[in-house]
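Note that the chains are named A, B, C, D and E in the order they appear, and that numbering of residues resets to 1 at the start of each chain.
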Amino acid sequence: MTKRVREILGWYDSVSPGVRTNLARMLNHGRLGGTGHMVILPVDQGFEHGPARSFAINPPGYNPLYHFQLAIDAKLNAYAAPLGFLEGGAAEFAGEIPLILKLNNHDMLSDEPDPLPSVTGSVRDALRLGCSAVGYTIYPGSLKSHTMYEELREISAEAKANGLAVVVWSYPRGSGISKEGETSLDVVAYAAQIAAQLGAHVIKVKLPSAHLEQPDARKVYEATKVPRETLAERVRHVVQSSFDGRRIVIFSGGPRDTDESLFAEVQSIKDGGGFGSIIGRNSFQRPHDAAVAMLNKIIDIYAG
Amino acid sequence: MTKRVREILGWYDSVSPGVRTNLARMLNHGRLGGTGHMVILPVDQGFEHGPARSFAINPPGYNPLYHFQLAIDAKLNAYAAPLGFLEGGAAEFAGEIPLILKLNNHDMLSDEPDPLPSVTGSVRDALRLGCSAVGYTIYPGSLKSHTMYEELREISAEAKANGLAVVVWSYPRGSGISKEGETSLDVVAYAAQIAAQLGAHVIKVKLPSAHLEQPDARKVYEATKVPRETLAERVRHVVQSSFDGRRIVIFSGGPRDTDESLFAEVQSIKDGGGFGSIIGRNSFQRPHDAAVAMLNKIIDIYAG
Amino acid sequence: MTKRVREILGWYDSVSPGVRTNLARMLNHGRLGGTGHMVILPVDQGFEHGPARSFAINPPGYNPLYHFQLAIDAKLNAYAAPLGFLEGGAAEFAGEIPLILKLNNHDMLSDEPDPLPSVTGSVRDALRLGCSAVGYTIYPGSLKSHTMYEELREISAEAKANGLAVVVWSYPRGSGISKEGETSLDVVAYAAQIAAQLGAHVIKVKLPSAHLEQPDARKVYEATKVPRETLAERVRHVVQSSFDGRRIVIFSGGPRDTDESLFAEVQSIKDGGGFGSIIGRNSFQRPHDAAVAMLNKIIDIYAG
Amino acid sequence: MTKRVREILGWYDSVSPGVRTNLARMLNHGRLGGTGHMVILPVDQGFEHGPARSFAINPPGYNPLYHFQLAIDAKLNAYAAPLGFLEGGAAEFAGEIPLILKLNNHDMLSDEPDPLPSVTGSVRDALRLGCSAVGYTIYPGSLKSHTMYEELREISAEAKANGLAVVVWSYPRGSGISKEGETSLDVVAYAAQIAAQLGAHVIKVKLPSAHLEQPDARKVYEATKVPRETLAERVRHVVQSSFDGRRIVIFSGGPRDTDESLFAEVQSIKDGGGFGSIIGRNSFQRPHDAAVAMLNKIIDIYAG
Amino acid sequence: MTKRVREILGWYDSVSPGVRTNLARMLNHGRLGGTGHMVILPVDQGFEHGPARSFAINPPGYNPLYHFQLAIDAKLNAYAAPLGFLEGGAAEFAGEIPLILKLNNHDMLSDEPDPLPSVTGSVRDALRLGCSAVGYTIYPGSLKSHTMYEELREISAEAKANGLAVVVWSYPRGSGISKEGETSLDVVAYAAQIAAQLGAHVIKVKLPSAHLEQPDARKVYEATKVPRETLAERVRHVVQSSFDGRRIVIFSGGPRDTDESLFAEVQSIKDGGGFGSIIGRNSFQRPHDAAVAMLNKIIDIYAG
């Protein structure tokens, strides 16, 4: 166990050794094992966006085994997916890479301004499949955030009682927030704080822009001169907003980045004190070897 | 055990020794221990207002450990916060200060005229974290007050069965009440009464203005000449409205007071027979030593 | 056990001995014990109307102990109140007077045409506090009466399984009924019938006026010449509408009667075969000794 | 409520108002109501000894209604019996006298040196039948006392949660105790202590002889000179052994006393600070009027 | 929080903050608060030995309130007793001293070579009464130790889930062990180890003699020259056997020591690294002031 991982686990003193064990499994796996940095492969787009939008561009991705193998080959820290995808390979790859069972998911077949994802798996499923963590998505800003927060409370209590870590995807969305606001610095920082207050062990947010959405928050940001010009500065603020860096926060980028901009983003995450990246479409929507090469460069940046 | 604390505990004869033990733990802790007065530090603003609005002005406050230490250094009676913040330090500070787990919380990301906070923790969490009490917020006047009252009933029954005290934040709010009405004397007194009738052991309300909101109430206040010119008189009326002073009632002030006006408020709370103060932003939004000094002066007033 | 009480209990042959025991406890207590008449003190106005409107005119009433003592001093049959007020004195006055825990309550802070009271206590609370009965309010005529009837069904089933009597406050109210209609003879009689059909053991209604609200009902009242000129005749009709007098029906008057008119009302209730009175504001809104004197006169009328 | 009853209820501060209410119901009923003394009629001999041995000598006793009426006519504090006998009259006599449901019973058809009574009723039955208390028999000294103590623990927890008082018959018996030892002073005092430590609210033991059974105890009794010559002295020691008199202890005598010796025993119970008598066979095995006359004399002694 | 208490709590990192809070409550209470040493008053002898053997020599001890007051007056760390004794004073002394509910107890009325104590209280009772810990006795060496270990497992799991500490009385006894063996060094060390392995947070054993009971153990003790001549050396070995001192181990002496030998024993416990004493009969079997004086001297030794 490296000093850095030990330090990180120390932030989770109030939870059981089981949760700390599973956090350690993720932190110690893959090429970034022991550094305190993490790169995770999430593949829930089949459910969220539909299969063709997700996999037609790189058809091996239709196969659930493909993503296990990709995460293993790229020596990532963990692989996250909904029930079906994990059941599609958990036996074959048992023990090869830490798994995160994504417990709620939302499809695009009905259009709602304030969507509510469905709970599609359980803590019991996660234990049965040998997962290290459960994942859950909340939409702060949605009129249905109430339901999501309370579902998360139940799931989180059960996960912790069973020694599983809790990873929260915190995506601002809903009728109260503008499109630009969804990635505004104040809203992303707020979303990270909410996930932390709800008891998340690992928090996943989008990279924030310099935009400020809420008038009352804008006043404070300007008065206190919170640095937000560079991406690294904004990452630093989100990390700070996650209990002063005492919760693991990882970031996703947008779907359409060039590799160069992607690597620059990763460098900024690292420079800003972020803990890592969660990279879905950018990984599995290119050919296997190209994906592994790209992920290796990202790992190089974090390990550098 | 002082005579005064024994007298106060005597008002709670119908509840179990466990609840009385936890009330005693709070009443006997800190510099005000034994006086029957209480000063509590609440830090739920990260969830309620967002991280930057809460902590940017005094950045150490982003760290959950900071607030435990502040409450301990200022020798307060108790520290109240949501699940995440308590999990962020309960192990490190086990046994150092009575804790109150705030069980429901509400964020500012969706704008609702009749908001409903989410239940973000449980009685079981409070026991696991070593808390002395659970906290719960109701919004009398909200169209969703019905749901809050009934949730509180369930939580309160479970808390009492397990020996935990119940602290109720009673904040009038909602489509039926004007902004001015939220702190009007009649409405604040009513909010205190509702919390007491719902079985709260400790009631937290805002300091009332001399305004009267409800026409039917106004007639009675004027006919019976309820004194309400000075703040102390208004505090006295709220205390009276809490079972003639047989329930512990504590008060919060506004966020932007000068220290002098804050101290004057505290003196009025004391003069009016109030049991104490709950001081969040005024505490953690200034530097640690200044906050301790300010809290010490407040304690001096109550102890004087 | 008097013959009259035995006769009354005979109407409740289908319920368990526990329920009959608790009905007997109320029927046999106080100065009216054994007569088959009852006078009950209800104090839920603190919740329903606010503290000042309820207690400012006679400030000792802010104290929960006051009402227990008043009901005892006036030698009434029972005392009814919400959870907080009963918890405020149940230990001190254990065994001194039969208690009725009012299980749902409604505040006046949000204005709704079709209000739904909140469930603020449980059958388990009633057992824990040593109550003889639970009380529940329905608003026939409200668009939410459906919810109230079904909640009552659940509560009533649990109360009966545990040997507690069920007292139903049946108050017509809601968007479908005119203000005048709320106390019209046809509507009050209908409200009593509904409570009886829902399984109430004791029914509480307001004194009816001679007005007839519903056109279809009016036709029948006029065709069959139901006597309704005097208050006694109207009481007789409401009693008849409560299973031909085989359910205990008690009446409340308005809040502002002169004593003479109040006593005349009571005489009419007695003459019409009503079982008694439930007198809240008229009792606790005058000084203790005056209240006891007034209640004694009412008891004299029933006992005469 | 008399001062004495209030004093007694004060010893039970750690239990709910419901339990205190039911203790008050028993303490306040009948001719001894308010004195702090109790006389209870128990009729479990039909189960324990068989019907003819119990009732042939006074055949009306075969009828369950007889015993309710006897307890009422004699103005006793309570009537205790197994499920069948209570179901045989609870409806007819609802509300006329406090009832104690005897929850375990033992028959004489199988001969065991270490008997285990069967649980033949439930707390739920007691509530359904309108009882004020449950009764339970333990046999300290039996090899099966373990099972009885643990059953009592479960029953007692459920009874207390539902506001019922717990009456424990503590009868030393079993392979480890001589016949003489069953009523020896040291063993009876020990049996009372065990019942009190198990959480009993009312303890029922047999009148002790001056015999000392246990060698280790004998040494202490002799060294500390515990007075034990007169019956009153021995009663006093048993009461002292029941938490220094802070638990209600009542006594039964043997089956074959002359009335004079029975009255003398009662006088000794009173002189020794005992709280009352539980008199079964001596009551129902003589004609109704003779039984009432005899019980009246006993009540006269306690009331004197 | 002193450095020493913080160090001790650090050994319990795998348990919840609630358990650590309750350990801290005991470690921080009374005159030894903060030193890491503890003196506890246990009063279960009324159940275990009978009332006269326990209290006749100092009759105020028959009263449950006496022992609460004694523990408070002597400024001890905690008071431990069975359900009845705690219910006899928990309300009156709520919040004045940490309580330990002794969950199983055994009487002396039946003579068994391999006794099994009865479970006479529950974790729920402990929460209801405001206790900091539950206590449980095991008899390693009894043929029924299997049942005790498994009952402890259940109770311990429930206690930990609810934030209560677990104190285990580990008393070797049973058909497999000689009388001398019950306090032999090898057996006492073994008993401490078993309690620690069963998950106890605080272990209570008797002071060991230099005798070695088990032939196989004797060989090792002699071969490895475990120092065992002085009592301090033997205490040191027992502490070592309790996870190298990472579990709190406290000791009881015999019932008949002279004060000088008692103080010498305490000095040896301290010298050997023991954490404290649990002193029952030696405390409550002498007059109150003498007991307080004696306990004060013991505290002086530990604090010295």
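Convention: a contact is a pair of C-beta atoms (placed from the backbone, for glycine too) under 8 Å apart; a residue touches a chain by one contact, two chains touch by 3 or more.
Keep in mind that what you see is a predicted model, and the values were worked out from it rather than measured.
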Farthest-lying chain, centroid of Cα atoms versus that of chain B: D
C-D compared against B-D, more contacting pairs: C-D
Interface residue identity across copies chain B, chain C - same or different by half: different
Centroid comparison with chain E (C-alpha atoms), farthest chain: C
Euclidean distance of C-alpha centroids - chain A vs chain C, Å: 58
Distance between chain centroids, defined by C-alpha means - chain A, chain D (Å): 67
Averaged-CA centre spacing for the pair chain D and chain B, given as whole angstrom: 49
Interchain centroid distance [CA atoms averaged], chain A/chain B, Å: 36
Residue list for chain A, restricted to those that touch at least two other chains: 13-14
Chain contact graph, described as a line, ring, star, complete graph or other shape: other
Which pairs of chains touch, using the document's own definition: A-B, A-E, B-C, B-D, B-E, C-D, D-E
Touch list for chain D against partner chain B, complex: 13-14, 16-17
Chain D-touching residues of chain E, taken from the complex the two chains share: 46-47, 49-53, 56-57, 59-60, 62-66, 82-92, 105, 107-112, 116, 118-122, 124-125, 129
In the complex, chain A residues that touch chain B: 11, 13-15, 140-143, 145-146, 149-150, 153, 157, 172, 174-177, 186-187, 189-194, 196-200, 214, 216-217, 220-221, 223-224, 226, 237, 240-241, 243-244, 246
Contact footprint of chain C on chain D as seen in their complex: 1, 5, 9, 13, 16-25, 27-28, 90-91, 93-96, 124, 127-131, 161-163
